[in-house]
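In the two complexes that follow, chain A is the common piece, with chain B as its partner first and chain C second.
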Partner chain A sequence: MSFFEYLALNRAEVLSSTLEHVWLVAVSSGLAIAIGVPAGILLTRRPRLRAPILGFANVVQTIPSLALFGFLIPLPFIGGIGARTAIVALVLYGLLPLIRNTYTGITSVDPAVREAAHGMGMTDAQVLWLVELRLAAPVILAGVRIAVVLGVGIGTIAAAIGGGGLGEFIFRGVAMVNSAVILAGAVPAALLALIADGGLHLLERRLDWRR
Partner chain B sequence: MKRSSSAARAKLQRAKRRTSALLPLLPLLPLLASACSRPDAIVVGSKNFTESMLLGEIVAQQLERYQLRVERKLYLGGTFVCHEAIKAGQIDVYVEYTGTAYSAILVLPATTDAAQVWRAVDSTYAARWNLKWAEPLGFNNTFAMLIRRRDAERLGIRTLSQAVRYARTWRPAFGYEFVEREDGYQGLLKAYGLTFAARPAVMDLGLSYKALAEGRADIIAGNSTDGQVAALDLFQLEDDRHYFPPYEAAPVVRRDLFTRFPAARGALAKLGGTITEEKMRQLNYQVDVAHRPAIEVAREFLAGVEK
Partner chain C sequence: MPDLIQFRDVSYVVNGRALLGPVSLSVREGERLVLLGKSGAGKTTALRLINALLLPSAGEVSVSGRSTRDWDPVRLRRRIGYVIQEIGLFPHMSVERNVGLVPRLERWPAQQVRERVADLLQLVGLAPGEFARRLPHQLSGGQRQRVGVARALAADPPMLLCDEPFGAVDPLARQELQAEFRSLTERLGKTVVFVTHDVREAVALASRIALLDQGRLVFAGTVDQFNATGDARVTALRDLL
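And then the complex of A and B:
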């Protein structure tokens, strides 16, 4: 059976898996942003935390997904099997670009601008919110873009722990030695990645305050 | 553009000429190959996974115990590589599974009748390729429905039929292959009238073992000879309705082997029935989980086999 025949016969299933995939990536990216951006800001305020936190995010990247799931299964609340565990893993994998880009974006703001802001009588919070974050926005958003596109790709591993998503077709295809089934997962995942990348690129240009 | 493409063509032609100069030598290649291999040795092959490699090593050492010279070609790739190799005389013996030969090589539809499978592979191999199936080693490497040993003991159950009344409260976790294959999940439900508490969590096979051991799932479908079964203290529910197709392991041998080396026949026959599923699990465990060398594990095993 060819890829297109398979797709035509299973379009409802492919569509629901795609939506599941979007949900997995949206939830995990949202959580990763909620954790990663504040963590990146924290690093600019507490330089001593830089080595341990970036080290942690780096090390997480090197753990193979199956091994990471193996560690997560026994843990209460965040572990077990199913979508929740998959999301925890995806959040962990998404942290590095977010923390790093937030940190780099803020530290590369011209010190003269920061001093001028302080000189105008802004509080620390105002400097952060009105100056630093705005100027760093394109770099931070570039980190978000990397994290989301990566998330679409590695989101396929959710299927290894019963988390659903487009990876199911890939794993099933591998088990059945059927490339049409593998493609039914891989092609929509690739399209999602392109769409997410393009959409965030547009947003990035909108938010570039320096232009 | 034009120049570069004509240059490329000239290069290609030169390359062609160079190879065609060697063409007359081509018929000599088999001679060269046979000069390298020693015809006074039995070549033992195996597929590229632990159990097959271990069985290859056991067969090799058993033949050596009968003063036969052996050349090992273990880890040869999958079923088809081994099959082509033995047909071509590149290897003399390797261990195959009846169900694999039946479905993957003879491409016959799955059946659960062990006797029928044996008859089909035995007669077809002999007629088509002059290959002989030696005495089965004694174990069946098929899907195994596994639960935690302490659950089996607490409930006092041994078989799948006995498990049906408890399965209603069980959370299953299965690998993709088991869910997809026609001799897998759907058929199992029908054969035993099983119902579970939830739809199965479909996941990586290795992780499903972990999920069962950690209490995140209550029943999984593993392989009956996986070392993990012993390592994680799991219990295999007996397939008392013989739903799963048979995958009995037995050495496949070239017919001419026994005329070239008459002692090999007795040596292989002695291995018949010596490896139970429990035994094979322990052997796999020694290599996969305890990380001991296969040569050593095979030697220890053969020390317990009557010569």
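And then the complex of A and C:
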């Protein structure tokens, strides 16, 4: 059976797995942003935390994804079989690009601009919101892009621990030694990654103050 | 005229090295005091002690009779216009938004901010219609300095602190800016503290000159006194700068 025949016959299942995949990536990216961006801001305020936090995020990044999913299963609360564990793993992978890009984006703001902002009587919060985050936005968004694209790819491994998503087809196809089934998972995943990358790239360009 | 800014035995020490002081100096309302000295003489440190970007290690800096330690730094800085050499215009904001920033932070009504910005741009010699919507990187060096001055004047602060604002401009535009800046601040009755390492700029702008060397005040007096002084240390520095 060819890939297209398989796809036509299983379009409902492929569609629901795709939506499941989108949901996995959206939730985990959202959480990674909610943790990573504030963490990156914190590093610019407390330079002493830089080495340990970036070090932690770096180490997480080096753990093979299948191994990380496996490590998480026995953990209480965050572990177990299913989508929750998969989301925890995807959040952990997304942290490094977000923390690092937020930190880099803010620290590369021209010191003269920061001095002028303080000197004009902006509060610390105003300097952060009106100046630093605004100027760092393209760099932070580039980090979001990396995290999302990474999440779409690594998200396919989630199926190994019952997390669902497009990985279901890939694992099934590998077990069946049937490339049509593998492609039914891999092609939509690749398309998702391209769409997310393109969309976020557009947003990144819109936020670039140099225009 | 009362003293607007007063340094009483002020020193500023970092890692055991005194960048400034002890220095005692006062700035009267309406005067243009130029802090003159070589780089590393402590001029910028002195300036940043006034708007509480730095707090003194010893002694006291007071503004309008109140120590900078007791001022809320945000309130203090909104009363003081600040222009630095690299200007620090916000690159993501139009000229209009840059100049109107402090008024907006002070919650002026939008219409009033717009009128104020137009007036200020006119005042510093930039046609509002042509420049208001430009971004800083679409301006020449001299135009950026003008926007920097307009921004510092925006909320009508009684005093201005300027840290070599014309340092990066070519000599011709620089003389023009100096002359305009002098007449503008004179007309508006602003108290100005102006940092430079250029004797000619100091003489062109100052109503009083304070000469700093290695963190110490070696001379303070009017321009005439500065030109006429026989003090060997002052003349040596004057010829050097």
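Here, the second predicted complex is superposed on the first by the 211 of 211 C-alpha atoms of A that agree within 3 Å, B and C clash if a C-alpha of one lies under 4 Å from a C-alpha of the other, contacts with A are read in each partner's own complex, and residues count from 1 in each chain.
The rule we apply is simple: a contact is a pair of C-beta atoms (placed from the backbone, for glycine too) under 8 Å apart; a residue touches a chain by one contact, two chains touch by 3 or more.
It should be emphasised that the depicted structure is a prediction, and the values quoted were computed from it without experimental measurement.
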Fit or clash - chain C, chain B, common chain A: fit
Angular separation of chain B and chain C about chain A, which is computed from CA centres of the superposed model and rounded to the nearest 10 °: 150
Chain B versus chain C as contact partner of A:Ala175, first or second or both or neither: first
Chain B versus chain C as contact partner of A:Gly162, first or second or both or neither: first
Chain B versus chain C as contact partner of A:Ala112, first or second or both or neither: second
Touching partner for A:Gly80 - first (chain B), second (chain C), both, neither: first
First, second, both or neither for A:Arg134, with chain B first and chain C second: second
Smallest separation of CA atoms, chain C relative to chain B, angstrom: 46
Overlapping contact positions on chain A, where the chain C interface meets the chain B interface: none
Complex contacts: residues of chain A adjacent to chain B: 66, 69-70, 73-74, 79-82, 159-162, 168, 171-172, 174-176
Residue ranges of chain A in contact with chain C within the complex: 110, 112-123, 126, 130-131, 134-135, 209-210
Contact footprint of chain A on chain B as seen in their complex: 173, 175-177, 179-181, 201-204, 206-207, 210-211, 214, 216-217
Complex contact set, residues of chain C against chain A: 51, 53, 73-78, 80, 82, 84-92, 101-102, 105, 135, 137, 151, 161
